[in-house]
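Common to both upcoming complexes is chain A, partnered first by chain B, then by chain C.
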Partner chain A sequence: MIALGLEGSANKIGIGLISHPSSNKPPIVLSNLRHTYVSPPGEGFLPKDTAIHHRAWVVRLIKQAVRQAGVKIEDIDCICYTKGPGMGAPLQSVAVAARTLSLLWGKPLVGVNHCVGHIEMGRAITNASNPVVLYVSGGNTQVIAYSAQRYRIFGETLDIAIGNCIDRFARTLMIPNDPFPGYNVEQLAKKGKNLVDIPYAVKGMDCSFSGILAAADILAHSTNEALPDGKRLKTEDGEIVTREDLCFSLQETVFAMLVEITERAMAHVGSKQVLVVGGVGSNERLQQMMGMMARDRGGTVFATDERFCIDNGIMIAHAGLLEYKTGITTSLEDSTCTQRFRTDEVFVGWRD
Partner chain B sequence: MTPNVTFAHISLSDADSGHLKNRKSAAMAESKDAADEFPCRLTLNIPFPTPRLASTALRAIAVDRELSPLVRRSFSLVSAAEQDSESTEQNVLCVEYTASTNRSLRVAVNGFFESIGVVVSVMKELDVDVAYGPVEGGLDGVQGLQGVEG
Partner chain C sequence: MAPSADIAIEPIAPIEPPAPLAPLHALPPPFTDSNLEVLTQGAEALVYKTTFLTPATPCVVKYRPPKPYRHPTLDKRLTKTRLLAEARVLVRCRKEGVGVPGVLAGDWDNGWLVLEWIEGMTVRKVLDEWADKVKRGDKKEGDDEMLGVMRKVGRAVGRLHDIGVCHGDLTTSNLMLRQPSSSTEHASPLFQHRGHQTVSAMREAAMDGADGSEPSPPQPQSELDGDIILIDFGLVSQTIQDEDRAVDLYVLERAFSATHPAAEPLFQKILTSYGESFKGAKTVLRRLEDVRLRGRKRSMLG
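Let's turn to the complex of A and B:
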């Protein structure tokens, strides 16, 4: 069976076609296209502009994706789109295209939960059997474990997502957003040496980032190179603290928090596997720190590359097709979008 | 078939216009109340080449409810009355907006045009008879591109 997936919950619009060959063969990615709306340094992306971007790109991306996949309309079984969670206007702009296509082509719609899309794609690519899932991106931060047909949220952010914290910190330092701000923060962090004290906010199974962002923003002002030497932030040894040091310190702090809550979930669930999904999962330092923790517990970390851990249409097609094969479709009247869509609201009928 | 949206018949009116003529008194009282609450009105008539396309557009757009409580919207399919043709094909999408302020009317109608723009471009590029044609608009910055044989 073949599914078309349309994803547009944040600033990336992703279109993908996936094939699930009959029997237990692994899924085949037929095409996976993505275009990112990159805002200028110091700015984030707003819903209205993001929606304009998605409307401008959705049609040609679908056309090119179908072309690359080498399939005909008759071959496609269903049209999957991101129902939520995410930003309202961008979600809706893609949903309108999905609905129109569904009516023109005569194909059923499947509304997909964005988080479940990430999880299912991670499982398919890495073949992790039953991992604790760390879903970390600009919009979401959740620790998830599967139990009885639901992806249960064991821990999550109490306020903003970790990626949002890093992205907004990047704005304060006017770090460029191309290809994505977290990538540039990671490259700067590799050159950082001094660990600056930043608040650490784990609360049981959950974590909180807004206070950390506030503290980091305040520190950022005293790393301004235009300031006289006496006013610059310094370490205990009198070394001047640089932007690289701050990026390094922020990453070390927030990633350590993630490692702690992930380890706590692993202990609760008795799992030895960690699957990291979501855009922040592409960060090599996070993968390294998670790997150290997992090895200490006799376990392993699974991660995917940027094609799949950053928002994409293939994960929507994949999760949607899994759902479609259990007999679920979304009627036209129900094919709305919603900014809040809990991961555990989805009935995972395709797993035992 | 390319839907022609450049010719969209639009009519604006305030509360006390000829819209209230020729109605029964009960309905007239009702619509007078509605007219008082939502005095700013706009009617759009968007012709499509076929009834199938007009109905597709209606069904795709009607799913999202109107966000503002200050705005009311209703859809219908009508036939092109302007032309002197015999055709009774219902290939015109008629949208009636009423709103309590001009600003909310403008915002709602702008949003409608953005959505109908997506619908029309999907029809233009991806309908069953055109979906395999050349890709328009450029693909700069797209990740995942691969050469296509043939």
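Let's turn to the complex of A and C:
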């Protein structure tokens, strides 16, 4: 069976075609295309501009994806699109495209939860059977474990997402948004060496990032190179704190929080596998820290690369096709999208 | 039709873990490997049974090993604040007469805390064994003896909340029923002086006597007669907010229903006794209704 997936919940539009051969064979990626809307340094992507970007690219990407996959339209079984969660305007523009295709080609629609898409794609390409999932991206921060037909949220952020925290910090420091802010922060952090005190906010299995962002932003202003030497932020040893040091400190602190809540969830459910998905999951330092934690618990860490970590159409196609095979489709009247759509609202009928 | 542009997914292998720095179960001095029994490995700490000062004094060592994934400075800061918070609350509870293990020693630089050994079993185990007996027909559901235990649990939690402490992880595994004899005969020599009773302890004693709903005729001492001891204060917070207290109770309720299917009437007993345990407990119970409705999470709808 073949599915076309359309994803556009944030600043990336992703189109993917996946084929599920007969059972017990791994799925085949036929095409996986993505285009990113990049805003200028110091600015985030606004919903309106992002939606315009998606509308401008959707037709081109679909045509190219179908051509690259080498399939005929009649071979496609269903059209899968992101129902939520995400930004309203970009979601709507992609949902309109999905409905149009569905009517044009006479194919059923499947609305997919973005988070479930990430989880299922991560499981499929790492072969992790039943991991604790850490889903970290610009809009979501959740620790998830599967139990009784649902992906249950064990811990999550109480305010903003981790990626949002890092992105907005990058804006304060005027770090470029290309290819994505988190990547540039990671590169700067590699050169940092002094750890600055930043709040650490873990509460049980939940965490909070807004206070950390506020604190980091205040610190960022006192690392401005235009300031006279006396006003610059210094370490205890009198060394001047650089931008690189701040990026390093922020990463060390927030990632330690993530690893801690993941470890707590692992201890709670007695699992030995961790799967890291979402855009922030492509950070090598986070993967390394997670590896050290898992080693001490006798477990393993699964992570994906940027093709599947960062939002893409293939994951929507994959999760949608899994759902389609259990006999579930979304009628045209119900093919809405929503900014709020919790991971545990989805009935996972395709797992035992 | 066979797709022409197959890109079969190569499974991405798990991340190669970095080489370990130190063997796991290695406690810093003065502890040695001999005479060390692993109790649990939580997310935060490793818990062992060993002896302290004299070979005849059993104790619990709660060791927070340095987390290799954390920056050493951050790790030191966190270990110190958490260990001290836990120790301070335990000392305070003890002073106020709440049943908790006593703190014998601690070292925040090396991350260990030595606690009094509690002889007995967890309430979870008590419930499990009870369920077995009920199944075999030896005991009946909702027996007075079991209700007595639940009453003690409710009161112990009430006392804890009364002094402005919320446990943070109140499950049946973190509640212990002390072996009845141990509190009088074989109590740890370090804690034998129970001379000065606090006002609250006296009040508790008075309530014990005043509670007429469960007549307690002189019985042969049962294994369920011991005191309730609260353990594992790793997530403790000092707060007097109804919300936090209600969440504590909600966590306990969930733990009950998850591990013991027929627990409903038993938990009701806990709530009744909790409601009588301190001024303000009734408002907490009303708040619990709200917490139940919303679950642990806000629904994020609308």
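Keep in mind that, in the parts below, the second predicted complex is superposed on the first by the 352 of 352 C-alpha atoms of A that agree within 3 Å, B and C clash if a C-alpha of one lies under 4 Å from a C-alpha of the other, contacts with A are read in each partner's own complex, and residues count from 1 in each chain.
FYI, a residue touches a chain if its C-beta (ideal position, glycine included) is under 8 Å from a C-beta of that chain, and two chains touch if they have at least 3 such contacts.
From a predicted model like this one, the values you see are computed outputs, not experimental measurements.
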Fit or clash between chain C and chain B when superposed on chain A: fit
Contacts for A:Ala256 in the overlay, against chain B (first) and chain C (second): which applies, first, second, both or neither? second
Contacts of A:Lys234 with chain B and chain C, given as first, second, both or neither: neither
Can A:Leu104 be said to touch chain B (first), chain C (second), both, or neither? first
Looking at the overlay, what does A:Ala124 touch: chain B (first), chain C (second), both, or neither? second
Counting touched residues of chain A, say whether chain B or chain C comes out ahead. C
Rounding in steps of 10 degrees, give the angle chain B-chain A-chain C taken between C-alpha centres. 130
Looking at the overlay, what does A:Arg351 touch: chain B (first), chain C (second), both, or neither? neither
Counting only touches as set out at the top, which of chain B and chain C does A:Arg150 meet: first, second, both, neither? neither
Which holds for A:Ser335: it touches chain B only (first), chain C only (second), both, or neither? first
Looking at A:Ile62, would you say it contacts chain B, chain C, both, or neither? Reply first, second, both or neither. first
In the overlay, answer first, second, both or neither for which of chain B and chain C A:Gly70 touches. both
Rounded to whole Å, the nearest C-alpha atoms of chain B and chain C in the superposition sit apart by 8
Shared contact residues on chain A, chain B side and chain C side combined as an intersection? 31-32, 68, 70, 72
Considering only the defined contacts, which chain A positions touch chain B in the complex? 31-36, 51-52, 55-56, 58-64, 66-68, 70, 72-73, 92-93, 95-97, 99-101, 103-105, 307, 332-333, 335-336
Contacting residues of chain A [partner chain C, same complex]: 2, 19, 26-32, 68-72, 75, 124-128, 153, 156, 195, 197, 200, 204, 252-253, 256, 259-260, 263-264, 266-268, 287-297, 300-305, 340, 342
Chain A touches which residues of chain C in the complex? 1, 3-9, 11-18, 20, 24, 41-44, 67-71, 73-74, 77-78, 168-169, 235, 297, 299-302
Would you mind writing out the residues of chain B in touch with chain A in their complex? 56-57, 59-61, 63-65, 114-115, 117-119, 121-128, 131-133, 135-139, 141-146, 148-149
